[in-house]
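What follows is a set of structures for review.
Shared between the two complexes below is subunit A, which pairs with subunit B and subunit C, respectively.
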Partner chain A sequence: MGGDFWCVFLWHGSNESLPSAEAVMFLKFSLRSVFYGAGGGNDIQWCFSQVKGAVDDDVAEADIISTVEFNHSGELLATGDKGGRVVIFQQEQENKTQSHSRGEYNVYSTFQSHEPEFDYLKSLEIEEKINKIRWLPQKNAAQFLLSTNDKTIKLWKISERDKRPEGYNLKEEDGRYRDPTTVTTLRVPVFRPMDLMVEASPRRIFANAHTYHINSISINSDYETYLSADDLRINLWHLEITDRSFNIVDIKPANMEELTEVITAAEFHPNSCSTFVYSSSKGTIRLCDMRASALCDRHSKLFEEPEDPSNRSFFSEIISSISDVKFSHSGRYMMTRDYLSVKIWDLNMENRPVETYQVHEYLRSKLCSLYENDCIFDKFECCWNGSDSIVMTGSYNNFFRMFDRNTKRDITLEASRENNKPRTVLKPRKVCASGKRKKDEISVDSLDFNKKILHTAWHPKENIIAVATTNNLYIFQDKMN
Partner chain B sequence: MGEEEGLHQTPFLDTMFVRGLKRKCFDGEEDIEGTLAGIKAIPSYNLQRQSLLDMSLVKLQLCHMLVEPNLCRSVLIANTVRQIQEEMTQDGTWQMINTQSTGQASLDRLVSTDILCRSSRDQAEGKHVPAYGTFNKDFENDQAQDSSDTMSTASAVQAPRNLQSSVWEMENPQENKGNFQKSLDQIFETLENKSPNSVEDLFSEVDNSYYDLDTMLTGMMSNTKMGHCDSLETFSSSTNTASNSNCKSDLNDLDHIVEILVES
Partner chain C sequence: MECTLDAQSLISISLRKIHSSRTQRGGIKLHKNLLVSYVLRNARQLYLSERYAELYRRQQHYPDGAPLLAMPACPPPAAAAPPELAALPLPADTQDREARSCGAARGGAELLEVAGPGGGGGAAPGLLYAAGCDFGSGGAPHCSSRTTVLDLDTHVVTTVENGYLHQDCCSQCPCCCQPAPGLSSPPPAPGTKRKYYPGQEEEEEGVEEGEPGGGGVAGGPPFAPCTKRARFEEYSAEHPQDSSNISNLISIFGSGFTGLVSRQQADSEQPLNGQLCSKQALASLGAWTRAIVAF
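Now for the complex of A and B:
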């Protein structure tokens, strides 16, 4: 049962002669879902694959995972932690005989990206925690990634060395220099194979450009420039130039006492090298075009959903604060994550999202408690799958959620060592909001708010996902038949 | 961190706040006055709002010793505080406070961050006053009055968490409202937009001499950290908030900082 077909409806919702984005609706029918019911044979069955990290419950602060990112091919998976380390996993080449599972991810390289620093002027420590990692597309044998803490961005080169020269005339094998008078013959050094060594070296350090804490970095589609965003400013860098960066957004008020809004995330458009978006703590997203002016303080588009008056509370603003913004691979849509929901926006429609998915609506009645224990300020990330058909985000109790945009079905899964048999299909979880709790459901009050999944990543091509709990990295993949 | 504990501590707060603007305001107080049934009813909206305000102000005060506080979080909390203030102004609650305030120091007397720091230093000298009491303190003039104010204010903070206290409060509603709102008065002095020192002061520089506005904002009250962490210790022991763990690590960091400063 292959094949999907498209229907186009023109809906005249306004008097305008030209159809707006609202006026034109595309409906996509999938023959499979028609015949098997919504989400019939299409649903992915997720299986546990691997878990990385310490087993014991006593979590060392430095081991807390702070970012997870696949590279462009999906072969490499990088994690950053609170201790400033970067660990890169590499997928093993698929074993042709084992067609029922994809290659495992094993440690490829580990290095200390950032060290703690002390700002003597302010008498404050600069945390070494890695806030974000972004991979550059591969241009040669080496891999490059950008990693950032609160203040400094570094470009790392990760290269392999699997042979070394031997047979120097003036040096011994261990590196000591020989006495030239003892050299009686000459030979040509040759390369001999050696055990694979993966080296990480910092190639560029982009420092001293941010007064506030960096929350995002994003590489431009020109692969030459990138942006870094802190709470109040966004800077544009060239990857080759470290002593200069251009400020492209500045929302710092002249009088800091008037500050009411900060930048929470920013990203370049995947295809248009002059377009980027940034989100704010007030739940707005601004799309800017760098061609319009040098300082993009005036947005080209402002995406904001009007507030639902029936849900208004003192926490409305806090829960509307956007913690993550991600463009779809196609560049047509962008996704935002606020405290309770995930929203999909069509770049052509600014006044409301085209899709909204509730992540954990049962928390709405607990907002005051979550405010008290600061959980309401948790910054959850979100991600797209390779085909932009499914979005994923994390929640509490080590739960994570996936929303299928086509079938409109969603699923809640748990990252836990209890389900750690490979190829065992994960059982969907359900939270009981109120009333009688069914068997296998978990009540809201039993949720562990210490166990939060803030960082998730989806392989760019396959159905392989990486989910970070506090200090463990889980890798799940779909059940291959 | 006490999340589950946190969730159970404020069930009433949650139900009230979820309903947002569908509050009963003064109607709510009718439920409370008098009978035991009133105790079981959801505490009044004003009380809840006050408690949220208290919590928010405490959160704004808390600062990390060594690491800059999260600006986004601070901004969101400050906005919440402003919201509450605006609503109270619209309610007329603010006016009620004004009429009931008894020979207060003039509204020009502002409870700025300076004062918060000063009272923290007072505590360092041995006066045991919960840090929340700083909102009450009106300098040296009102020392005698302050102790009673402090007590009622402290109990107001704890009321939602301790039914015992709320019963005590219900028994003397009028008297407590007077003290209660007097402290509210002092709190809102900090929020008066027309005053140069408002809650926005929490973002502005405390010490002109050395620091850029930028750095002061992000450092919050960085040059008063020591004083604050002293107050944090006493405060945390009396209110047992979820900030306990922060305070303990803050104190270790405090030692570290003192070491560094002493050596330099």
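Now for the complex of A and C:
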């Protein structure tokens, strides 16, 4: 491919003074847009597709959505909530009569993944809230996913049953046993179709390995192992083995008085099965290679951007804490989310990100009030689209933002039931930071900070996104013509 | 960055957050409390720098050397480690007094509790803690593992030492303006109480200052008896704290958090030490029922 070749040529010819990774990427994308005609003309028009969840304004705490995740094919969409439940939606098969839109997502399975527990030894209640769901790639007819709360990870098998045996000799159809003396003939039971039943059963329970609250799980590209991370430690598990896990990162200081940072997120590299990253509350990301040593306390790479001293405030530490880290599908980049921005890092450049996008910079002057009402501690997630060209993250007032890395354009959209006619194109929103508010703009002071979008997910192949407000799940698609 | 809150309000808000995190479902959230501790440190730094600036201005105004240093110097921390939590000159000066008793302490956990209005439900209405500190060898060695509690309603001070409760001594002498011997005094005899009188200023924290000039606050030897606010400020100005370590989380939670953590550690990594657990359980049950903040 021409564009990529250019890129390689420049890179190999470089020395210290020649193009940085950033410059190279710019060239790469420019060339790509020349070659493929991407850019302005191909902006996605997002349309409302579906909304799931209760209409009430009165939100039951257990219904608050706490995680959203597409599976590897995009056919299934899983959500977890504060009440410990998992709901899986399945996309309908596309039918020929509705070629203008993709299949809808309907409930496929619902089950109670975690229950509240009480740790009597420490007098602590363990919340049943599902912190993360991660799908395993499909190997057979059944689907597998990992779900975790603060302390325990569970491997669930979701399988379909659409046939059942009929024609038993000793049992009636309803299950009652027949009197053997009435049996005069013998027949062979046969499988007959039945209404589809989806069963979820816990196949493995990985417990008692975390003293602190689990914030991340990530499945390795070897599909045999996975990691789980809490505030201070990261453990490596084998999917088949529940009574043992290996501790691969431990940042707990010998004296807890010296604690200065905690682990906030961790993820395996999508292609390299020995590489993973973890982010910290201090705004740093460490990349570790498990081949280097058994305990990966010493990082292979440390990604950190120096703080801008002019932005220093009481809350600098809080807003620099990274709430999510996600590798691109290609594995070349990773994205981090802190309170006000999204940053894209090139794995080959540690001293600063290659791209920074401001999500809601207008909040910088409101940090005091956001601290008072606890909103400053909100942990926003972020996600890539399938081709790693667009990134998405949530904000307040049920707004969510997308940043196109190629065109450098961004858009703000709102997840609201007011736009709930299917195939209604969403109108871009704009927040007016200060001064005269134009028509259709919303001023910062009228933003509803109780309506926050923390969890979003992008279909791995299509332009379908799932956006979770407090207790509703919105599905948007691009307008197909 | 503009902030509509001053340092004092930020400090009290932060205290309240840490307090309420104790009663939240799911246990203490380490990450959030660590972040709150950073805000506390920043606010405290600002507060102190404002205080020093004010003190400096006052010194400029009264060059004849008014009793700015009426308070005797605390014994300097003997240990090399800088005091992580020296006296925090909060506007609630009774807290000052409490804090100052541990002021020169080396490191350790100093806990100041702020009783939010109404409290988190149940429990005693107002409890103020200055947690036990590890006094340096220059200080009072017998003060180790002491947690001091001021009940804001009854104004009774009790001291928990090593997990066992006992009451502080209270000498009623109206020697308000005499310089206290400072922190090197022996602790009050067990079984006695100390009284503080509510003052004019009703801070949100609920701790009041004795009326200047006559409120007759009787402080025991470890606590400065003087009620004049200025003196507290001056005293605190005398001991610029090394605030660089304030971000340490354990400082915030003090011995109580260490107890919690070490208990957790005991569970997961060592065979259970029943004696250790019970001691800590005693300390945690009796001494403090509210969230704790350390400076």
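As a convention for this text, the second predicted complex is superposed on the first by the 435 of 481 C-alpha atoms of A that agree within 3 Å, B and C clash if a C-alpha of one lies under 4 Å from a C-alpha of the other, contacts with A are read in each partner's own complex, and residues count from 1 in each chain.
We adopt the following convention: a contact is a pair of C-beta atoms (placed from the backbone, for glycine too) under 8 Å apart; a residue touches a chain by one contact, two chains touch by 3 or more.
Everything quoted here is computed from the prediction, not taken from an experiment.
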### Query
Put the two structures on top of each other at subunit A: do subunit B and subunit C fit, or clash?
clash
### Message
With both complexes overlaid on chain A, does A:N311 touch subunit B (first), subunit C (second), both or neither?
### Response
both
### Task
Considering only touches as defined above, state whether A:R291 meets subunit B (first), subunit C (second), both or neither.
neither
### Task
Quick one: classify A:H72 as touching subunit B (first), subunit C (second), both or neither.
neither
### Task
Mind working out whether A:D448 is in touch with subunit B, subunit C, both or neither, as first, second, both or neither?
first
### Message
Tell me the contact category for A:C375 with respect to subunit B and subunit C: first, second, both or neither.
### Response
first
### Task
Please indicate which partner A:E258 is in contact with in the superposed arrangement: first for subunit B, second for subunit C, both, or neither.
both
### Task
Using the superposition on chain A described above, determine whether A:R417 touches subunit B (first), subunit C (second), both, or neither.
neither
### Of the stretches 1-9, 37-45, 163-171 or 181-189 belonging to subunit B, the one that collides with subunit C
181-189
### Task
Identify the overlap between the subunit B-contacting and the subunit C-contacting residues of subunit A.
121-122, 124-125, 127, 150, 211-213, 231-232, 256-262, 264, 281, 311-318, 321, 364-365, 367-369, 371-372, 374, 377
### Residues of subunit B touching subunit A in the complex
1-4, 6-11, 13-21, 49, 52, 55, 59, 66-68, 70-73, 75-76, 78-80, 83-84, 198, 200-201, 203-204, 211, 213-219, 222-223, 225, 241-242, 257, 260-261
### Task
Enumerate the contact residues on subunit A facing subunit B in the complex.
121-125, 127, 150, 211-213, 231-232, 252, 256-262, 264, 281, 309-318, 321, 364-375, 377, 445, 448-450
### Residue numbers on subunit C that touch subunit A, as the complex places them
1-5, 10, 13, 17, 25-27, 29-32, 34-35, 38-39, 42-43, 46, 84, 107, 109, 247-251, 257-258, 260-261, 263-265, 267-268
#### Entry: subunit C-facing residues of subunit A, complex
121-122, 124-127, 129, 150, 208, 211-213, 215, 231-232, 255-262, 264, 281, 311-318, 321, 364-365, 367-369, 371-372, 374, 377
